[in-house]
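Here it is: the structure, laid out below.
Order of writing sets the chain letters: A, B and C. Residues in each chain are counted from 1.
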């Protein structure tokens, strides 16, 4: 496993949000692929939901997956942390690599710790804010007397610390929707994932909460690789370095965000961008 | 059926007019029978109280704590404690066995089994719940009692006898045997109610735990189960209420001893079993004491059922508060 | 994999397997019950068993005919009282009283009545029927059983009536049907599968009850001479045979148990299979 520009080793130290990885030499070189999908086909029973997907997610960059409802972007995302395995009758063909290693060959709980996920609707556990955050580190054996520091660092990374620092032991459900979603982001960050997957994280939130989370992504990408599925093209245009356009289970086009939105190569992409459908 | 002239009439009607004719009759008929339910229930409480009066007058509140049961005409003394104890201890033993097994089975049915297997097993669980009490008793007499007497009892005496809970000659009948039979009887019930509670937990909760790197067991045990906690506690309460009132199977295996003994291997009595055995031949005061015991049992089951219902309302209101 | 992860995986596999074992325990128990009953009881099942009266211990050829007839009679009359009352109360709860405070009280009371231990119901029936009449009777037994049938029927009727979609109700009313007509001709027929299933399951349940009959119908060595006479019933007969000291009576207990369980299971399976081409099963 190659050392990443961010500070943490996987077990003991807490991430330092103050570090600026962009000054390290590795980042200024051509960004390498943190995750890679090769000829991915995916089936729900006999129905083929994904056809020959080839895509790469570059380290410390935000990649957005866009496309109309039912195009397979969420399905594809859920394969990256193998959460689709919890559904019955699903089958994955092809390879998905994390740092060059096939994720299917590794222990699934390790993969899921390294590839975190934030879901469409905020889903905090019915516990206190503190307990929500520390849950991941606890089960992964990452807490060594430094629970409070882990919680504070994660909440700071999710830009939620100031708002909740005085009520860490209150129920997570006392927070607003936007705060709950940032709590879920903090919870995901607490286990120091290499990659963070966000499945339409703002679809249940108001514009102000959405803006807060989008701002978050700019700082987060310095420590993580981010993949975000979004229904909103404007959001993709705002936050993503790379964008992939899905349609009917196929990856139609994948390129720099600028290119996709200003100069798409495929006609389907252009039709979607200009609102002719979807 | 309205003539063209009638159609032009204004349509506003009062409630009583709208319920005119057939509607009113139907309303009265159905509400009459509903009132009947209320009346009958009140009547039951009244009759129980009425027939308990002689005992209440004679022994007062001391009846609850007294450990005597002597129908001899020169003594005629009665106390409820051994039977309240027997009722409670057998039910507790039953739940200690059936709750872990039942919740475990429910976990399998709600999370692990494929849909078809889960449905088939659930169907079998519901069939098991329909088996009459007397059948369980019949089986227990000829299978469980010998088992207890020859193997389980002596084994427990040897290994755990030092606790004081497993002492004395084991005849096969007794508190523990009754507890085991009750466990088998409440087992299907705990499974089906717990399964529903578990299936009501939103999938996103489990996925959130798995996404953080939890194993399937960790996500079930640490996240899903606590989320369904109230519903499962409600199931336990309901199971408890049923176990308290169980008569036939218990009567057939409890050993019929009116004394209160600490050892689980010794014979005892539950309220229901005592009443079943003694009521028909009971003298006046004895009969009254038995009815008062029924009143006590009624109150116990009522309180626990109310508690269960509270849990279930709490689950649903909490569920909506989370949305 | 780290040692910690290995441990977590082992725990995971062990616990999940355990839950499977527990689940299959239900199958085991059911098979054991049926197995024992069949193995021990089937040899005693002959025509005489179904048609003859019980004989003394040691005398061969006796039967439980009176118990079977007695059960049928007691359960039939209990249903005669209990089903209409329960059904109409259920209609009230779902249709006329829905949402009112009074309906809430009725529902709460029905649940309360449902939770009353069956032996207490038996005592109650004794106080209101047997004591005043100075003798045991099948009538008293029927009344006791009907008291158990009423809340079961009421709640399951209510449950299935409430499941009828609002669109159907409004459709009937919009066509000009009065409320009771829409209930009788549209809503109840729409829910009839569930309601019927609830009734069948309720009747099956009371057929197996013996505690309420101990002080009401009591038992009878001979044929019962009518509702006013005490009568033998299948569950009570099983109890008496099983707890007796005679081996041949034990044999008969197994056979009688097989009959009772067979009937109850057939009723349950038919009702539930009948229902699965529709909504879910009633909540017991």
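Things worth noting here:
Note that in this section a residue touches a chain if its C-beta (ideal position, glycine included) is under 8 Å from a C-beta of that chain, and two chains touch if they have at least 3 such contacts.
Fair warning: this is a prediction, and the values are worked out from it, not measured in the lab.
Geometrically, the chain at the heart of the complex, using CA-atom means, is B. Farthest chain from chain B, judged by C-alpha centroids: A.
For this pair, chain B with chain C, the centres built from the Cα atoms lie 16 Å apart. If each chain is reduced to the centroid of its CA atoms, chain A and chain B end up 48 Å from each other. Centroids built from CA atoms put chain C at 55 Å from chain A. Contact with two or more other chains is made by residues 215, 218 of chain B.
Counting only residues that touch two or more partner chains, chain C has 8-9. Multi-chain contact residues, meaning those touching two or more other chains, occur in chain A at positions 109-110, 139.
Put simply, chain B touches chain A in their complex at residues 114-115, 202, 204-215, 218, 222-223, 226-227, 321-322.
On chain C, the positions that touch chain B within their shared complex are 8-9, 11-12, 15-16, 18-20, 22-27, 29-30, 32-33, 36-37, 40, 84-85, 88-89, 91-93, 95-97, 102-103, 105-106, 109-113, 115-121, 123-124, 126-128, 147, 150-151, 154, 178-181, 183-184, 201, 204-205, 207-211, 214-215, 218, 235, 238-239, 242-243, 250, 253-254, 257, 260-261, 264-265, 268-269, 272, 281, 284. Interface residues of chain A facing chain B in the complex, by the touch rule stated above, are 81, 83, 86, 88, 109-110, 112-113, 116-117, 119, 121, 123-126, 135-136, 139-140, 173, 184, 187-188, 191. Across the complex, chain C is touched by residues 18-19, 21-23, 25-27, 29-38, 40-41, 43-44, 47-48, 50-51, 101-102, 104-105, 107-109, 112-113, 121, 123-139, 141-143, 184, 187-189, 191, 215-218, 221, 241, 244-248, 251-252, 272, 275-276, 279-280, 290-291, 294, 297-298, 301-302, 305, 309 of chain B. The residues of chain C lying in touch with chain A in their complex are 1-2, 4-5, 8-9.
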